[in-house]
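All chains are identified by letter, namely A, B, C and D, in their written order; residue positions are counted from 1 within each chain.
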Amino acid sequence: MTGNIQVDIEKRYSGQEEAPDFNLDVNFTASNELVVLFGRSGSGKTTTLRCIAGLGKPDAGFIEVNGKVYFDSGSKKNLSPQDRRPGYVFQNYALFPHMNVAKNITYGLKGKSDAEKEQRLHEMLELLHITGLQDQYPSRLSGGQKQRVALARALAPNPDILLLDEPFSALDMVVRMRLRERIHSIQEKLDIPVLFITHNPVEAFTLADKVVVLHEGSVQQEGRPEEVFYNPCNRHVAELVGVSNIFDADTAGKSENGFVLDTDSISITTTTNVEQGGRYSWGVRPENVHLHPGGEDISGCNVFSTTVRSVVNRGASRVVAVDIPGGGSVLLSEMDNRTFGKLDIGPGSQCRVEIDPRDVLVFAREDSAD
Amino acid sequence: MTGNIQVDIEKRYSGQEEAPDFNLDVNFTASNELVVLFGRSGSGKTTTLRCIAGLGKPDAGFIEVNGKVYFDSGSKKNLSPQDRRPGYVFQNYALFPHMNVAKNITYGLKGKSDAEKEQRLHEMLELLHITGLQDQYPSRLSGGQKQRVALARALAPNPDILLLDEPFSALDMVVRMRLRERIHSIQEKLDIPVLFITHNPVEAFTLADKVVVLHEGSVQQEGRPEEVFYNPCNRHVAELVGVSNIFDADTAGKSENGFVLDTDSISITTTTNVEQGGRYSWGVRPENVHLHPGGEDISGCNVFSTTVRSVVNRGASRVVAVDIPGGGSVLLSEMDNRTFGKLDIGPGSQCRVEIDPRDVLVFAREDSAD
Amino acid sequence: MLEQAIYPLYITLKIATLSTILVVLVGLLISYLLARRDFTGKNFVDILVTLPLVLPPTVTGYLLVILLGKNGVLGQSLFEITGYSILFTWQAAVIAAFVVSLPLMVKTTSAAIGSVDRELEYVAYTLGHSELETALFVTLPLAKKGIMAGLVLSFARAVGEFGATLMVAGNIPGKTNTMSLSIYTAFQSGNDSLANILVVILVIMSLVSMAATA
Amino acid sequence: MLEQAIYPLYITLKIATLSTILVVLVGLLISYLLARRDFTGKNFVDILVTLPLVLPPTVTGYLLVILLGKNGVLGQSLFEITGYSILFTWQAAVIAAFVVSLPLMVKTTSAAIGSVDRELEYVAYTLGHSELETALFVTLPLAKKGIMAGLVLSFARAVGEFGATLMVAGNIPGKTNTMSLSIYTAFQSGNDSLANILVVILVIMSLVSMAATA
């Protein structure tokens, strides 16, 4: 099972004033790929990463990387971070301010000769396109340069695993995009598992080979980005991946076209199996809510007439809010400006809504999070 | 000229080690509307806000709010923050940790009777939907609650102007959206100018009645969000508002369809006036780069065949990178997943690119920012 | 034996209390100015106030004698005006205690004030509160922990003052024989039981001080 | 006059230098442990080390006499084994100076170590460096400013030590008459010119110390 990671840990924080009853219970596996731990701040992402690095100790469980057991509460095994030697990039880079770039990068090459260090330094400088910076001190570097030096330092000792804690949150958009591509190509080149923390859904989606969704300390769902984003398993995951339309269904049943959920006075058909009389919520991504002009005659299920409440221009797209007939709820539809221009609608206009039954997501009903 | 703000200030920071030669030179006016100061961190947004509040002193210039001169270097007038009393909401809320919510909110009601304070407190609690929180201390509040208390405190004394420093950056998406709407409705209700700082283009676009774009200490462009986003006046603004395709033109000229700019082996027609032989760059928003299947026969200008280099799924949309023929440059096209699905293309596919000449933005050529 | 300890205890508390009141009043003002204001001579004030922290107490005492003695800069004027000489009185001991404990108050308090978020003060200004009101109701309450620590350290330093007090106030029985000084006399004269009582009282007071600052 | 100042200067520098070397060695270890480690008795160590900061120097001196005297807990064993009594020697002055200046070193240094970003240490661990290597090459170099300040304050405190030194080392001419003690003697005996020379030397040393910590 070389090149795999296996994490199954528990950690309890109880009775503390700040986080009254937070329990971490994380379980996932991955191969040599780019795994994104995705969740809100406070969901336990950083704690998980630190437990893998040996900088925090789980109360119970098992951690294995590349066939090497890092932690096993059963056999009381707990390798020190020095024995795990993961490549770890902290959110704020944590470059040694009293060492220049060259010293920072070679600091992990303990026991290597000066010639070996020099050679590895130049490999790393080239890999991260920072040749020429070796004599600079961290305080003189830009955010993007710091980031690349931190990556070079983490990769120099050939770690078995690379751990990245929100590495792009402090960088601006352009630098961010370049570094994302670099990390992907580095992962492919080195063929080690890369674990990456983020709370940004686009970042998660764009980078990940595999997404592990954390919410309040526990894994909600793991899978390819497409699985997680297009088939979130519950309301928490749905909210995280941008399903901004979620409604409780009053009744559930079966119809000739599939399964039916009723909310207010509309009836939504879905291809997902639901049980008669079960308690469900349903959701739809705003870009999957299609609008048509009020007069247009369209057939099919999940088509209904309604009124436009408001239109918000988001720059590259428009978000149109329409009323759900028979209740106070609002459904959001997002579209590009060209499509919106063709529609010719505004606040107060009549329009027709169309939702593909395959785009209707169904979840077990639970109390909505605030 | 009641209800207007007028800012025209200069501030020099020279010879300092950290920011070697930063000069602020900001000039804009606004009426009772929501004005967004938009720019990267370090562009001078916060310094400008502080100068308006009286918490920083410009080297020279003039500031007037609601017909009242706050600062005038000519007549050596400089009102203290106590005499300006702007509503100011800091990025990290800056709630007084040793006072409960009620005390925080009424702290600006100096000289008012207890009954008046009580009444105003309840008005504010209601306005911001935080009734019930008055006895809590700030440390017990969530981010969104802190934000609303900070707003209530700033608004309680009926300020002439409301200044908000990146008020949403620490909040999660859902809370953010709700507060944005609230600020808009508060601005309309109170009919005072609201100045709002952000580096987030969608936030700027969604909220602003007027956008003032700052770059390296000076105003690049001011106008309605549509003007700024769809007609950025230069490369800096274009990059800030998400025009990710920007190229230098090798030659410029005139054709039967309008004006023409050449880059590598393609020739781009634009409706913008260009001078023969002038030095220009051109740009296009990725959602305005339309792709068609390779075999499709489409006519018009700005249509060319090329190869797909890569496809990135961003969750709610796809970004397709295509080669610009005759050079190493890459053009990005963004589209929704439905449109992408119909195209049936992938890396290596042939496709045809179409760009509407009206969507081609033209800028004076300058050295690209890193 | 116990009664021999009463006067030293009384005079020590009197001197330390008065000195600490002065230290808090002067110290808060200086600390606020050092932490929040720029003014000409700021460095000089900082050095002058801090000096007794690194100066040997006997040197501080000697300098005070030069200043306060009948021929001293201040002492001479005082004597000419009032006919009163301050050296070798309990008031001189208060001055000595004040001078040596002021730097402890200023260092601790100015650091505490300096670490109060300036934005909280800015908010108070934009809400119409003057700098003085803001200092009294925002800054100082938030620096409370540091101020209390400075106060306790200053009190402890005043109680323990030995070298400077010996120089300016002597060790006059029934007048300036503080506990610190009495321990020395008792030790010298072999009055071990008095020394022991005084040591026990002072150790307890010190432990209480430490508990108060922790 | 000047030659009368030479021996006090020599013995003061000798005592203060030795004491400061000990303070730095012991202080760094204790500061690191207090700032970075949890262990049973941590609070007790903290209190024990800090106590001399709030204890009057004469009390500290008296307690050292009890500990180191011929009948004291440590002193007795030492005397029985070596036939040597440490009280009223310059070595006793070193111990007194060490005890009173250690808390200054520990307070300053543990605060400086505590403010070094822990993530820098974590990075060093993940790069294969042991805790000791990390402390020596990452933590301590980054706490350098605080360590230097602690060292200078400790040295100044050792130079100025008066009360405790007077109790444990006496004020024996040609043996333990440090500058602080000599000023007192010179002042008492009206030898103003010697007192003035010593005061000038000590004020200059103090100003240099302050410049070094600023």
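Remarks
The rule we apply is simple: a residue touches a chain if its C-beta (ideal position, glycine included) is under 8 Å from a C-beta of that chain, and two chains touch if they have at least 3 such contacts.
In UniProt terms, the chains line up like this: A, B = Molybdate/tungstate import ATP-binding protein WtpC.
Please read these numbers as outputs of a predicted model, since none were measured by experiment.
Chain centres here are C-alpha means, and the one lying farthest from chain A is C. One finds 25 Å separating the Cα centroids of chain A and chain B. If you average the Cα atoms of chain A and of chain D, the two centres end up 55 Å apart. Note: centroid distance chain A to chain C, computed from Cα atoms, is 58 Å.
Viewed as a contact network, the protein chains form a single closed ring in which every chain touches exactly two others.
Applying the touch definition to all chain combinations yields A-B, A-D, B-C, C-D. Within the complex formed with chain D, the residues of chain A that make contact are 53-55, 80-82, 84-88, 90, 92, 94, 96-98, 107-108, 110, 153-154, 157. Put simply, chain D touches chain C in their complex at residues 47, 50-51, 53-59, 62-63, 65, 153, 156-157, 159-163, 166-167, 179-181, 183-184, 187, 195, 198-199, 202-203, 206-207, 209-210.
Chain D makes touch with chain A in their complex at residues 117, 119-120, 122-130, 138, 141-142. Here chain B touches chain A in the complex through residues 40-41, 172, 174, 199, 201-202, 205-206, 225-226, 229, 239, 241-242, 285, 287, 312-317, 334-338, going by the rule given at the top.
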